[in-house]
Amino acid sequence: MIRKVVKNAEEAVQGLKDNMTLMLGGFGLSGIPENSILAIRSNGAKNLTCISNNAGVDDFGLGLLLQTRQIKKMISSYVGENDLFEKLMLSGELEVDLIPQGTLAERCRAAGAGIPAFFTPAGYGTEVAEGKEVRYFNDKPHILEHAFEADFAFVKAWKGDEAGNLIFKGTARNFNPLMAMAGKITVAEVEELVPAGELDPNFIHTPGIFVQRIFQGVNYEKRIEKRTVRS
Amino acid sequence: MLDKNGIAQRIAQELEDGYYVNLGIGIPTLVANYVPDGISVEFQSENGILGMGPFPTEDQVDADLINAGKQTITALPGASFFDSAMSFGMIRGQHVQMTVLGAMELSQDGDIANWKIPGKMVKGMGGAMDLVASAENIIVAMMHTNKAGESKLLEKCSLPLTGVRCVRKVVTNLGVLDIKDGAFHLRELAPGISVDEIKNATAGKLIVDGDIPTMKLA
Amino acid sequence: MIRKVVKNAEEAVQGLKDNMTLMLGGFGLSGIPENSILAIRSNGAKNLTCISNNAGVDDFGLGLLLQTRQIKKMISSYVGENDLFEKLMLSGELEVDLIPQGTLAERCRAAGAGIPAFFTPAGYGTEVAEGKEVRYFNDKPHILEHAFEADFAFVKAWKGDEAGNLIFKGTARNFNPLMAMAGKITVAEVEELVPAGELDPNFIHTPGIFVQRIFQGVNYEKRIEKRTVRS
Amino acid sequence: MLDKNGIAQRIAQELEDGYYVNLGIGIPTLVANYVPDGISVEFQSENGILGMGPFPTEDQVDADLINAGKQTITALPGASFFDSAMSFGMIRGQHVQMTVLGAMELSQDGDIANWKIPGKMVKGMGGAMDLVASAENIIVAMMHTNKAGESKLLEKCSLPLTGVRCVRKVVTNLGVLDIKDGAFHLRELAPGISVDEIKNATAGKLIVDGDIPTMKLA
C-alpha cells in the first residue's frame, strides 16, 4: 500500500506557497473541500490563483480566502452570490478570468490526461475566443483551448480509502474527479476514510493514482445555497 | 399575452418523445411542469445529473443533490450522476436534443446575448456558451421587450455575445418566432396579441407570411 | 421513461447497412458484444469499417465477421492472434489502420464528447505521425488527432437498466463506455437487464443518454484467451 | 550474464516507494516478482486496472479480469477498474512513475523500435507508443544482441520507430546502461561480463567512464 493518509488538513496543505495555482472542486457550495479551504486560510499563502467553478459566498467556501485577500486571481465560470467578490473585482484587487463551464471542466481533464490542447465550439464568436486559434471541423467553427496547470488540487469526496481511491455522492461529484486528475499534488478530503479493500474496485470514481494526500475531514457544514422544497 | 407560465407551457409543446432536455434558469425551469401527456423526456442538469425530478420534500433535502441553479432537487428512477466533463460531453456531443434558455437579446441571425452587461458586475456565462455552441435545437424563452419597452429581437445584438447563429426559435410573451435566413419568422401569436403588436415590438427583420394563427394552449 | 429496450440482437441491429462504420467494445475477448456480432453476421451487411481495439480470434469475436468477409477495414491497436486476419491482410482483401491504443480510446471519447480534435504526444516521430500536424507544448512535440465517427457502436455491459444506464465489470469495461458515447446509434447488450431505479445512480458507468437500444444478451461464452493460473 | 529473471531482478532495484508502474509483456512482467522488501508499489495494466495482483488460483479465474497481455489476473485490496481513456489519461498525464518494456532496437539517442518488422505480419503497437511518448522514466528490458548475434544497441534504429528520444535506461543480459547526450553510458556489468564484451556487443556510441562495477543482485 502506497502511503497517502495524512492526519488532517493542516498536514495536507504543507508546501502550499505564495503565487501558486490551486484547483478547488465543487459546484456552488456542493462538494467543496471545506476543511482544506480553512487550512489554506491558516497557511496564509498569498497571491493565489484559484481555478474553481464558483467563488463561494461571503462567509463560506472560497469567500473565506477572499476575506483574507489570499486570492490574486479567480478562474471560474460563474462568480455571483458574493458581495466582497464584486467589490474586489470592481476595485481591481482581484483578477477574474471567466471561462465557459464545459471548457473549464475539459481543461481540467486535459491537464490530468496529458492532452495539452483541444478544439471546442464553446465561445466561438464571443469575447472568450479573442486571440484564440479558430479552426473549422465539419463546417463548424471551433477554438483551441489549452490544459490548465495546477500546483495543488483540493477535492472533496464522500468516501475514500487508504489507497487514495475516491467515491463522490450525487451532484457533489461535479469538478472534483477532473481536478483530482490535474493537480501536481492532489489533496482529497473525505467524509469517511476506510481501509483499502473496503470500496468495490468496480465503483471507484477517482483511482488512487491521482491522489497524493488523503484525510478524513471534520465538522462538515455542507451548506445549502438555495433550499427549495415542494409544497 | 403570455405570462412566464404560458411561455413555458408553449415551449413544452416542442418536446418530443425520447428527448433529453436541458433547461436553463428562470422561465425555462418551468417547462418541466408542462410535459405533454403520453411522451417521455428526461431532464439533464449540467452540474451532473440526468433524470432530474421535482423539488424535494423537507425530509428529502440533500446538500449533495442540487441543480445548475443550485436549488435542491430529487432524482427519478433511472437517474444517473456524473462529473462535469461527462456532463458537457453530453452537451457538446449533441446527445441533448433540446435546450431552453433565457436571453437579454437575440439577433435575426440567431445570435444570442445573455451573460454580460458592460459596466455592470459580470457574474459569468456558466454553461451557457457550451450549450448554445453545441445544441442543434435551442429555444429561447424571454419577454419580447425589456423593462424600458425596447425590443429584444434585434438586427444585431448590442451586448457581448454568448453564441453566434445558434438560436432557431424564440417563444416570448407575444408569440412564437422561428429564426432563419437572417430574419424572424412569425409563426404564432399569443392569445390576444395582434400581428401589429409583434411588428411594433420587433426591431429586427420580421417576416409575416400569410395568416398567423393564435397559439393553442391546453 | 424513454423507451430503449429491444427484444434481441436481431432487432438491435436493424438499420445496419453496407459501408457503415461500427465501433465494437472489448479488449482481447473480454467485454466484447458477443450477441451483436452474431446478429451483424446474420444481417449480412458488407464493406464494414470496424473500430475495435482487437480483431478477435479465428472462430470468436470479430473473427466471425472476417470469415464472412463483411469487414473491409479494421481500425485497431493490436490485431494478432488471428490466422485468417493475417491472410486477408497480406492478400490485400482487408485494410488495416493501426493506431496507438491511447489515441484510439481518446478518439472514441472525443467523438462522444464533441471534441473534434486534440493533441497527443503518442506516435510523434513514428509512421503514425506521417501527414499529421505537429505542435510543441512545453517543448514537447505532439500530433493532432481527430475524433472518430461511427454509425453504430456495439457495447457489452454487465448490468443495464431500461433507461439505458450501464455498469461494466472488472477489466471488461475497457473501450465500452467510450464507444457507447460515440455511436450515432449505440446498442448495448447486457448480461442482466433490470427495471429503471434498480441501479444506484451514483455508480452508473454509462448514463442512459448515450444508449439508443438495449437488450438482454443470451448464451454468453466469455471465452478466455490466456488462462493463466498460479501454481 | 543474466537470464530473463536476472534482468527483471535488476530492474526491480529501480523501483522506489510509492511508484505506480506499468510493466510490458515478456521480461517486464517478471519484475513484479522482485519488488524489494520495504517498498510499496502498485501495478497498472493499460486495459484498465490499478492494483493488479498475481495470477488467480483455478477457482478465481474470471474472464472479466485480465491484464494487457490478456492473461487472467487478480486484483489486490485497494485496486480500481476504469475505462481505456482514463487508463491512458494516467499514462499520458505522467501519473505512472515507471514503465518497463521490451525492445527490438534502441538508439544512442533513446529512440526505440519494438512494434514492426517490415515484411512480417504487423500485429500493432497496442499501448506502446502512448507509453514511450508519455513516460518520464522508461526502462527497457531486453537481450543485448538479437538471435543472429547482432547488437540491438545502435547508432540509429533500422526498424520503424515506436518513439523518439524517450528511453533513459536499458538493462540487458550483459549490463546496465544509461542513455543520454547521444550515447550509451555503461553503469554496471552483469556478473561474469567484462567491459570488452559490452564493447563488442554494442554498435552505438558507448561511453565507459572509470571503473564499472559488477551489479549486486540479492
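Just a few scattered comments:
So that you can tell them apart, the chains are marked A, B, C and D in the order they are listed, and the count of residues begins at 1 in each.
Convention: a residue touches a chain if its C-beta (ideal position, glycine included) is under 8 Å from a C-beta of that chain, and two chains touch if they have at least 3 such contacts.
Given the structure is predicted, the values throughout are model-derived calculations rather than measurements.
For the pair subunit C and subunit D, the distance between C-alpha centroids works out to 29 Å.
Remark: subunit B and subunit D have CA centroids separated by 55 Å (rounded to whole angstrom). Here the spacing of subunit A and subunit C, counted between their Cα centres, is 33 Å. Each of residues 49, 75, 81-82, 85, 88, 91-92, 134 in subunit B touches at least two other chains. Multi-chain contact residues of subunit A (touching two or more other chains): 106, 109, 113-115, 120-121, 168-170, 202. If you sketch which chains touch which, the pattern fits none of the simple shapes: not an open path, not a single ring, not a star, and not all-to-all.
Chain pairs that touch one another: A-B, A-C, A-D, B-C, C-D. Residues 27-31, 53, 76-80, 86, 89-90, 96, 98, 100-106, 108-109, 120-128, 158, 168-178, 205, 222-230 of subunit C are the ones that touch subunit D when the two sit in their complex.
By the touch criterion given at the top, residues 45-49, 54-58, 61-67, 69-73, 75, 81-85, 87-88, 91-92, 111, 121-130, 133-134, 160-165 of subunit B touch subunit A in their complex.
Subunit A makes touch with subunit D in their complex at residues 1-3, 109, 111-115, 161-163, 165, 181, 195-197, 201-202, 204, 207-210.
Only residues 17-18, 20, 40-42, 44, 49-51, 75, 77-82, 85-86, 88-96, 134 of subunit D touch subunit A when the two sit together in their complex.
Every residue of subunit C that touches subunit A in the complex is listed here, in rising order: 106, 110, 113-121, 135, 137-138, 140, 142, 146, 167-170, 201-203.
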